[in-house]
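Note that the chains take the letters A, B, C and D in the order they are written out, and that residue 1 is the start of every chain.
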Amino acid sequence: MVDERQLRDTVKNTVSRDDVKYVVGYKNGTYGFQVTPAFAFSAEDADKFIFSPLCVNNLAVYPMLEEKLPLRKGEEEDTRKIGLVVKGCDSRAIVQIIQEKGLKREDVILIGIPCTGVIDPKKINAKFPHQTKTVDVKEDGEKFVIKVNGTTHKISRDELLFEKCKHCENPNPVICDILIGKEVKTSKKENYEDIKSLEKKSLEEKWEYWEKQFEKCIRCYACRDACPMCYCKECMVDQLSPQWIRRSVNLSENTAWNLMRAFHLAGRCIGCGECERACPMDIPLTKLNKKIEKDVKEMFDYAPGIDAEEKPLLAMFKPDDSEEFIL
Amino acid sequence: MDRFVLSKEKTPKFITEIIAKYNVFAPVENEGITLFKQIKNPSEINLEFSNSKVPPKALLFKQTETLFKFTPGVKGKIDPMDTNGGKTVVFGIRPCDAKSFAILDHVFKGDYEDPYYLTKRENTILVGLGCTHPDVNCFCTSFDDGGPVSAEYVDVLLTDIGDKYFVEVKSDKGKHLTKTMNKLLIPATEKDGKKKNEVEKKAVDIITRHTKTDGIVDKLDKIFDNPFWKNIAIKCLGCGTCTYLCPTCHCFDIQDETTMSEGARIRVWDTCMNPEYTLQASGYNPRPERMNRVRNRVYHKYNYYPKNYDIIACVGCGRCIDNCPVNIDIIDVVTEAGEVKV
Amino acid sequence: MNTNPYQPWLATIDDIQEEVGGQRAIKTFKLVFQDKNIQNDFNFLPGQCTMVSLFGKGECFFAISSSPTQKGYIEVSVMKLGKVTSALHECEPGDVVGVRGPYGNSFDVEGWQGKNLVFIGGGIGQAPLRSLINYVVDNRKEYGKLDVIYGVRSSKDLSYKQEFAEMEKRKDVNVHLSIDVEEEGWKKFVGFVPAHLLRVKPSPKNSIAITCGPPIMIKFVIQNLEQLGFTEEQIFTTLEMRMKCGIGKCGRCNIGNLYVCKDGPVFSYKQLKNIQGER
Amino acid sequence: MPKEFEPNIIGFLCNWCSYAGADLAGTSRIQYPPNLKAIRVMCSGRVNPIFVINALQQGADGVLIGGCHPGDCHYERGNYLARRRMAVLKNLLEYTGIDPRRVRMTWVSAAEGKKFAEVVREVTEDIRKLGPMQQFKRENKW
């Protein structure tokens, strides 16, 4: 369990610093199991901050969403830092962005949370439908404790955990300035079971699977906008000349978009699963991202978002990289 | 309005008869989500849904629509499209989604009639399904008209009253559809009517989330420059899911697509949440910040639209709330906007 | 007439006038509808706009820069900026484009009869004003005193040179040209348009001021007009937005509840003051 | 009788080696199938995966990327970077059900006209066996 009082105090101290613009964390949402990003501009804003297993959002996206509008006469650029509450995966996003020079380390203050896994909103909403009032979820060992309509339910973690959390190798922040509580120990190992079982299928079966998924896509690009790593100034899909991917929504363009989105995250995706969570059409996007993550690990012995000093995967090479496919 | 009942046993027959004469679109379970798709057999339908993921507006205002074909280049020729899509029935549409068509009509009619939407609209009969189990974020009762089991905007409304459906035939289109079905449709008794009212009341009571829409138009006029909007918008990711899945959002982009020898001008849904939406060729953007864009979405629905057409462009389906990845909740936004001190 | 508002009529580029060269080049295209009936039925008033398309490139919304008194064709002046305008600049006489319209409202040419008119244009913003100026000049005796204030960056950026030369010869039109930065051989005013306006000092009495140009110029022109005593009902401007449909459906050109394509592009300053919205 | 399938192959050939190799094959009058349509790029490292995806969308049945031999890149490292990229892309394509043999890569130097012809022959025959690219080809049905 995260000590919320310590969290709030830390946020208060951080936001009170002169060199901090605001701190982003979590607060209760407007209904049911919703938790929503919260922005503290002053110490009292921190009072509503929480951390529970419902805090799924990857807040690393917010420093990348900062709008840099043209300065007016006499106006100076606001270079103050942004404070962020980060879990293990979120901190990896920040590391990766720093590695790519999208951010400088000193641009952010990271309040680290040792994370024991978060709940998949889809699973919990299916289990307890129609919750209009805000519901609290607590942890108790290997169970989640959920109080709904006066009754307390104890439910095993495995039943509600996000799939990505079940095999998370980095529950503790990879970098942070202040850690709330103690690091958690983990022996979890990513086994890529889902990926392997899909890999084993025939080409026809694989296409049949993905065709159905890509056909659903409505190309809202929520996957891109929710992703902390998708921070290009102009996304290639918004480009008009050359227009690589047409605007019309059909299987061909949808496939091109989904493949390119996945490829652009090769060696960069840190597996927070925000794309899939944001996707309104329930396309299993992490299955694409994880596949590349697995390949990259096997082929190049590389994992993104661990070391900010390392060079990005596709911007470097080893002379002896495998080339068995080359004629 | 004519009232009948239709036994559940005979419902497949009822649907089969419609399929024989019309293109029928109905809610279908598709890879984990419910969508309106064309069906050939009543067994494909899934009526146990609360709201389809994509609103049925997509059937009349298609996400990708060809406006006309042309020969590309500077010696161009135009090849017009046939806008008639054939006689269609949308089966199982929710009263809220049906209301959205009444709202969209205002935009697509007017000085310049949109033939693509209007021809489809004219040729489409809406067979609604009363919403007996509204979802957590449904708030259709917050508006002056409509409601979970309202027949106001459909041609025929079916309401599940236990072992049968209560059938209300609302319009001429509805009469035309049902007139040959007298073997299936039995005139409703007073008891059936009572039962329907009970079901309706129950459905209305399930809806516990409300927003205050009284005086919202005037109120929004007063708080345009209020910092409130910045606070609402700061967590917005600009993903646009809210607009794509909104049954009343009607914005679109027009693009030319070509091969070497053929081309077409198409229109596709667009979203005002994307900064490119208003970006001018000169580089100037009148809505440069997320605040501008989020505010525009709310104002478009709750201020601009009522000013122009005297109806709020929101039906309370709750899709934008359900699907927002950061929990921007229009119920709360509107309620809080009403409470902002000026 | 076809009833599909999205489908343009074919028009041939009859003539192309190179107004300005360089990075942000401006050309004026003279367009003639292929169908004579369409040409005759295409009735517009100064201030109205048209949607011009190149098949395969896309559509753009332009103010009609010719006057309705010039029969048998319409003209649009286009600055080379984006994808479509760049492609248009590659076109040659004889090429075919699509045209639909006319769209939007217009200047109140009837209501302004008998009044003195002050035109204040900057850069490409002169295009819609040119339509009105030519209309007024062609109906000269219906209007009072005419002042045309037009400013550009340098003498090279001056559009409609020929027309201005002819207008300057007339005794019943006062032309005031200016450039932003000093240049050898330029004997007229040097400075920004709002400053030039103060120097010309038109009287607000029985006058209407019409301005069009970059947003920042409009802002200061309006300030200076008010300083000269013009009321908000006497000031008019025409606006621009990114547009796709031109008929108030695609949603992007709204200022508050008004659509620039349908309810504009001509707005009085009084109207603008009272609508809330981004522009 | 349906017309026999002739594969349509797009070749992205680097200016300094593969393209010169193709040139040499031509001037040496070495025959190779005419199915390959060559697009000259300055370096195999210039080949953005969207080029490949887009080619497959627009009617290519296969794509061949030609670069300099390792260590010979005119820009020192372009071919190494391309190699990594294509390794990832090929796996991704296979995973989504697109035969990875549709996307090939080769090192051909300016002196290897013969090798170039051989590679084109091999790729053409492979793709002939695979048949036309169908999965996500643009239909242009408006």
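Structure notes:
Convention: a contact is a pair of C-beta atoms (placed from the backbone, for glycine too) under 8 Å apart; a residue touches a chain by one contact, two chains touch by 3 or more.
Please read these numbers as outputs of a predicted model, since none were measured by experiment.
Hopping across touching chains, the smallest step count from subunit C to subunit D is 2. Just to note, of B-D and B-C, the chains joined by more C-beta pairs in contact are B-C.
Distances from each chain's CA mean to the overall CA mean are smallest for chain B. Taking each chain's centre as the mean of its CA atoms, C is the chain most distant from subunit D.
Each chain gets one centre point, the mean of its Cα atoms, and the points for subunit B and subunit D are 47 Å apart.
Computed centre separation for the pair subunit B/subunit C is 39 angstrom, with centres defined by C-alpha atoms. Rounded to a whole number, the gap between the C-alpha centres of subunit A and subunit D is 36 angstrom.
Averaged Cα coordinates give subunit A a centre that lies 31 Å from the centre of subunit B.
Counting partners per residue, subunit A has 250 as the residues that reach two or more other chains.
For subunit B, residues touching at least two other chains, in rising order: 253, 255, 257, 266. Within subunit C, the positions touching two or more other chains are listed as 82. Of all residues in subunit C, those touching subunit B in their complex are 2-8, 10, 53-59, 81-82, 85, 91-92, 95-98, 215, 240-242, 244-245, 247-252, 254, 256-257, 262, 276-279. Those residues of subunit B that touch subunit C in the shared complex are 67-68, 70-78, 80, 83, 107-108, 110-116, 221, 224-225, 250-256, 258, 263, 265, 267, 270, 272, 277-282, 284, 286-287, 292, 296, 299-300, 303-305, 307-308.
Subunit A contributes residues 198-199, 203-211, 214, 236, 244-245, 250-253, 255-256, 259-260, 262-263, 266-267, 288, 291-292, 295-296, 299-300, 313-315, 317, 319, 321-323, 325-327 to its touches with subunit D in the complex.
Of all the residues in subunit A, the ones that touch subunit B in their complex are 29-32, 34-39, 57, 61-62, 65, 67, 69, 129-132, 212-213, 216, 218, 220-222, 224-226, 238, 246-250, 274, 277-278, 280-282.
By the touch rule above, subunit D contacts subunit B in their complex via residues 140, 142.
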